[in-house]
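Chains here go by letter, A, B, C, D, E and F, matching the order in which they are written, and residues are numbered from 1 within each.
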Amino acid sequence: MGAIKAKFSAPGGVHPAYHKDLAAEQPIAEMPLPASLVISMSQHLGKPATPTVKKGDTVLRGQVIGEAAGFISAAVHAPTSGTVKLVAPVPTAAGPRATAVTIEPDGEDKWIDGMAPCPDWRQLEKKDIVEKIAAAGITGMGGAGFPTHVKVSPPPETAIDTLILNGAECEPYLTADYRLMVERAADIWEGALIIAKALEATNIYVAIEDNKPLAIAAMAEAMPEQAGAAHVVALKTEYPQGAEKQQIFAVTGREVPAGGLPLNVGIVVENVGTTLAVWDAVVNGRPLTERVTTVTGGPVAKPGNVLARLGTSSADMVEFCGGTSSPVAKIISGGPMMGFAQADMSGPTTKTTSGLLLLGPESVHAYESMPCISCGRCVGVCPMNLMPNELSQFLEAEDYETAEAYNVMDCIECGCCAFECPAHRPLVQHMRRGKAQVMLNRRKQ
Amino acid sequence: MMESLRLVVVLTIICSVAGALLAVVHDVTADPIASAGTKEKGDAIMQVLPPCDNNPGEDLVKVDADGTAWTFYVARKEGRFAGAAFESVSAQGYGGDIAIMVGVNAEGTVQGVQVLAHKETPGLGAWISGDKFRGQFAGRSIADTKWAVTKDGGNIDQITAATISSRAVTEAVKAGLDIFTANTSAITGN
Amino acid sequence: MSELSIVSSSPHAHSGSSVRRIMLDVIIALVPAVLVSLYFFGWDAFRLTTACVVTCVAAEAASRKWMGRNIGIDDLSAIITGILLAFNLPPTLPTWMAVVGSVFAIVICKQLFGGIGYNPFNPALAGRVMLLISFPVFMTRWSEWTIPSPIGMDAVTTATPLGLVKTTIGSAGALPFDFTGSAMLQLFVGNQNGCIGEVSAAALLLGGIYLLIRRCITWHIPVAYIATVAVFSGILWIHHPQQNLAPHFHVLSGGLMLGAIFMATDMVTSPVTKRGMLVFGIGCGILTMLIRKWGGYPEGVSFAILLMNAVTPLINRATRPRVFGAPKGGRKQS
Amino acid sequence: MAFYKELAKGLWKENPIFRLVLGMCPALAVTTSVENSLGMGMAATFVLICSNIVISIFRNLIPAKVRIPCFIVVIATFVTIVDLLMNGFAHELHNSLGLFIPLIVVNCIILGRAEAFASRHPLWLSIADGIGMGIGFTLGLTVLGATREILGAGSITVWGDLKWTVAGYEPMILMILAPGGFIALGCLLGGMNHLQAIAAKRKGTIFTPPAHLDCRSCVMCKFGK
Amino acid sequence: MTMVIQTVLTIGGAGLVCGGALALAARFLAVKEDPRVAEVDGILPGANCGGCGYAGCAAYAEAIVLEDAPINLCAPGGAEILSKLAGATGQTAQMAEHKVAIVLCGGDVENAPRKFDYNGVADCQAAHTTGGGDKACPYGCLGYASCSRACPVGAIEIVDGIAKVHPDLCISCGACVRTCPRALIKMVPYARKIHVMCSSRDKGPAVKKACKVGCIGCTICAKLAEDEAIKMQGFLAVVDYDKELDNDAVIEKCPGKCIVRI
Amino acid sequence: MTEYVLLIIGAVLVNNFVLTRFLGICPFLGVSKKLPTALGMCGAVIFVMTSASAVTWALQHLVLVPLGLGYLQTIAFILVIASFVQLVDIAMKKFAPPLHAALGIFLPLITTNCAVLGVSVLNVQLQYGFLKAVVFGFAASLGFSLALLIFTGLREKIDRANPPKAFQGVAIALVTAGLLSLAFMGFAGLVK
């Protein structure tokens, strides 16, 4: 069984240098427990979880330390057993501060008696699967961190016919999903079947960029016999093939309506890492307490893919990868296109940390931005067909109404525009600010 | 209702007063305006005609050619025909119509040309009003001149970069001269 | 770490393109035309090009200094303005007029709006048109053409082909031109009278190809522009071959090649969308032919592009792409 | 004292052209020479003073509701008078100002002053205001006219043959054509703004250039309301 | 003479017809707008700064006439406009106390270190949401001049990396207060001159690490100030501007040197 | 027919009311901030200028000229135009509220706009017949609209530009109008 080629191609897109060779062939290595773990209550999209422990409490691995605080929220579990040292706000990767629980591991890494393993998941009801996913605190592990239990329980009137596993990993440098697909193909497939059951989806596609032949082969190899409608789709290598709407179009030709969600066209997209976490939660009864992260970039001595507990600090991970061998100019949580730059290496790993990228001074671009020269390149590469040139100028002039009329809210912040911009304009930052302001204005009304 | 009535009344009164005032001013200025208007044309006529002792502005000969009425202002000295002036208009100007006054002496050669009105580009086509361009028409007659600008192979030096304006004036002069030549007897009264 | 790390918004990668690089490419693309102009016009071409470039750069630096902004001439855009303005001047023009035009182009048309990126009109063209209107005598005085002209212009050697048409039609009858292959070849390589940079279609095309390869321009504007002129003039020619020039003559003469490849494609003043570029090119073509055929000026390229510059914001507005996922056919309107 | 204050403000502090940005149409159209500028300025000044006088005298008799139509009639009357007088006694000038003499009627400055000043102030001050504003307007036109004529024609024509020509200057014709009008006024306005910003800085205050035409003193749109 | 009569009749007639037509037409159309709104709108300065809390001068005029809104909200107008408004509306009102904006942060480039090099949009909101702002102190003024741009009269200037309001230029419209992403700007009575130039709510050690002139919550000033004119809010000393405070001791004794007289 | 086409081209492109004749500068500079507003203004101007041409032509040739009162032109025109527009405004409000909502606010604005009075006076000066006067009025207003729309597009760009402080606002708008007028010079000679 081979892969089918993607039929469609979304508008725009760019071809950044991939640099995946740094870590691609490094097998996933499990990291030892660090001296301290800082677990943020805001590792997902939506309301931060409410801490359920206080300073001095002892916790076991898998114990709930933060309760979901609403419908769009997710529970947070202790990644190991130990003592709670502090409950206080710390900065998140994206910037704003959020409450975090600091745990000092006791070294025993003792699991709590929590959810029961359930290898025979085929007997489970739809709602049981959703419950298990919710209890495991699983969120999208590709970057946005949307709570998975919400995604897999669409409103009853919405029929979902297709599940797409997102293995595109179009972000340069990152190889975590690639390694997972190569090493854990069968488990990922099983996870996909679990989600498909919950959704009652009949088609499952695994979408992988065609620059990852090994992953394509591994996933094709492991494709389950019984699911007649399972396919591996090879996408053209182009950023951002991993963006949900663009990927849906590339795989199925369906266009998610502007401002809408994939479920509007009967599709759910899950990251392969998330799928594996679902498998782990349902089959093994283990909540999400660790994830695979790519630690890479020029200054990293031995780039690799690390299985790390949530809460592990960047410094610890870099240390595990041999430390730095050259000066670091920029620390990025995530990939170079959509990741967040960090002030220092104190930031903890979260459910959405797909990579930790260190860039040396030679690959950091700190330019003075110039006025827009209307070259139109950003318009050409925008996968959403927006006009970032105009938008950024409206936003510079703080004209949020016009920006809204020019569909600023449809921006997916993929960074293609700023990547191409010869004037080095901080287009994505403008968009981000604009979107925040438009949301604020909407709420005021 | 009172309010509306007041509106009407006040407006009517003010208008009436204004009207009266204007009528008076008009009365006072009517003559100067009329004479200023005729004087303008009269000056032009006098400038293009040889010395005379009648008032050419009032000594008119009308000629009809191809449905266009031409008016010739005839100058006489001691009762004899001294020359005639006529107004000629070219629609071929760069900016629109060009109106000129051409004077012809008794010998049938051009005495002078004045530009009455034009909309040519200032600093360019507008030089048709200049002495240098107008001056070269004097002394030419219909027969001894090739009535075209040099660029078209004629005898009239065009203004640099304003060939179209120059050409229009040249054509206007020639058109009038043609009429004059064709109707010489009627105009001179001989 | 001794030094602070850099934090910025994503993306943290960049394609490496820069305004300076684009401008440098344009300058490189202009080199063949500069060489041709030096070959045909010699000292005059050198004199005018140098005067324009030096004045433009100096005016840019001076006005930015006066406005209290960083000097910022290192984006090289002033050099391009200088070269393009010089390209649009007749070889006999006094140097001081070239200087006046350059100052107007840079100070009034560019820096008053805030410098690069903000100017609504192409500065070089605006400077050229300003000179044309201000000093029409000097701007339409061509050099005595020394190389024997093969296209039937020997009678009047001091006019451009298009200028000749303007003054000939209406007085003479048929046009004194030769549309045969060899004559066209001469026109193509640049053996004709005209502004110093516009004569050689070959050199300009060479530059255009370089720009296309370097992705500095797309094909849309030049092709739409030239095709429109060809079609428009072709229709006229078929209709009235005696009174009109052949389409290939129209395409190869005057400033069309220069305009279509280097001026109309100026990023700042042309539309950003592909559809908009096509509209822009077609508009330029129609206006050019309108002015060439019926207007008061023999050449309409500069005016046509300036006029289309003026409607560029409207074109941009009208050709907003359909947002991905928005209903087809209908755009979300503001 | 108040008289002089009202008189002086039109010259600079509330200069109709450079500060209030009013009466743009004639300011652009007739300023091709100093002569035309002066002529237009004087015509407008005459209308301004006369209408201010009449309106100030009758300000308490005109009902508020119809004041704008009444003002317009008064102004139109004086404009017609100027038109007739100029046609009779300054025929050449009348020809070159042409259309813009009747258009003084709709010049915002005049109706604006009638509404904003003359209808609220006693005769004496209204006269001062009319003179000040008129001279200010004339001054603005003349500065613009001089700039354009010197650059565009290389000469200054004050009246008829009273004319100086700059020898050896190749005039920039553009300046006396339409685009030159816009550009010259724009640049002069920018220059004036710059001077005012410097003056404001010296006094420790803030100067904001006029962002749009000062419609506040133009009441055209209130006609019939 | 006929001419005069004809003229008078024509123009008079025109006046009559026009006036009559307008009067008749106006009768069809009841005037819906309250004329007082236009009057009040005419009095207001037209700066549309929004300082009154309404969307522009016209909206405020409507509120004054139709909703009996207080007439003393127009700060840019000052006493002159107030008296005119009082005349127009019959309301009597005292000018609201003259307030001016102040940026409660003293951490300039000298005193407050940065934690990283920020490279991006020069705007406080943008900087604040990118890595949490480059200032080590999470409460301090970022100095990207958002308030300065929002100020309609140019009364805010960035000096040594932090925003400073010129009290004499401030028209107390409040635009800056709404713009600051860190809520550092407060409207304070013009007469009050002593301020705690810090807004950090962190504990002493954290403040000390982030800024040399931060409030460490030592409470000395709160004890020194008479009438509780300075109160502690958590770890931050806050001036109570309703109370008189003219005590140089609080300035001298502050170990963080964050209390100043401006 | 050709005559009318040339008349229209002349009034729209060659002797554009705003850009070469300097008529209607106030609304040109004042109502060019936003495209929708400019569009409304264009509609109102086209309507008013066309109908004002008709009305004033009738006034001139049916009343003033027969009575020999040509010198009353200015005062009579302004009165009649102003009242006419006012009446239309009132009538429109009553009978066509949607239309009034779209154009209404602009009607009083241009009551006494110099372009309207200008076109009426020009019709007299150029001695146009009735049909020609109406066509000229229509064409002139089209020219105004064209200039206004183009300028509005430019204005939206310029408002986001970064001119030196002294040139912000009206000054840079005037310079832009000058450059636009410069471009329009290209149409010179298109119609004799």
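Keep in mind that, in the parts below, contacts are C-beta pairs under 8 Å (C-beta built on N, C-alpha and C of every residue); 3 or more make two chains touch, one makes a residue touch a chain.
Nothing here was measured: the structure is a model prediction, and the numbers come from that model.
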Mutual neighbours - chains that touch chain E and chain F alike:
A, B, C, D
Common contacts of chain D and chain F?
B, C, E
Most remote chain, CA-based centroid, reference being chain F:
A
So using the touch definition from the top, which pair is joined by more C-beta contacts, B-F or B-E?
B-E
What chain lies farthest away from chain D once each centre is taken as the mean of the Cα atoms?
A
Centroid from C-alpha atoms only, then distance chain D to chain E, rounded to Å. What do you get?
37
Taking each chain's centre as the mean of its CA atoms, how far is chain C from chain D in angstrom?
41
When the centre of a chain is set as the mean of its C-alpha atoms, what distance in Å lies between chain B and chain D?
34
Between chain B and chain C, tell me the centre distance in angstrom, where each centre is the average of that chain's C-alpha atoms.
44
If a residue has to touch 2 or more other chains to count, which residues of chain F qualify?
71-72, 75, 79, 82-83, 86, 160, 162, 164, 167, 172, 175-176, 179, 182, 184-185, 188-189
So which bits of chain D are touching at least two other chains?
66, 69, 73, 76-77, 80, 84, 171, 173-174, 177, 179, 183, 187, 190, 224
Mind pulling the chain E residues that touch 2 or more other chains?
3, 6-7, 10-11, 14-15, 18-19, 22, 26, 115-117, 119-121, 126, 130-131, 134
Touching pairs among all chains present in the structure
A-C, A-E, A-F, B-C, B-D, B-E, B-F, C-D, C-E, C-F, D-E, D-F, E-F
Where on chain D does chain F make contact in their complex?
21, 24-26, 28-29, 69, 72-73, 76-77, 79-80, 83-84, 98-99, 102-103, 105-108, 111, 174, 177-187, 189-191, 193-194, 197, 209-213, 215, 218, 220-225
Quick check: in the complex, which residue numbers of chain C touch chain A?
1, 3-15, 17-19, 21-22, 75, 114-118, 267-274, 316, 320-327, 332-334
Note: in the complex, chain E contacts chain F through residues 3, 6-7, 10-11, 14-15, 17-18, 21-22, 25-26, 28-29
What does chain C use to touch chain D in their complex?
97, 100, 108, 112, 130, 133-136, 138
Complex interface listing, chain B residues touching chain E
4-5, 7-16, 18-20, 22-24, 26-27
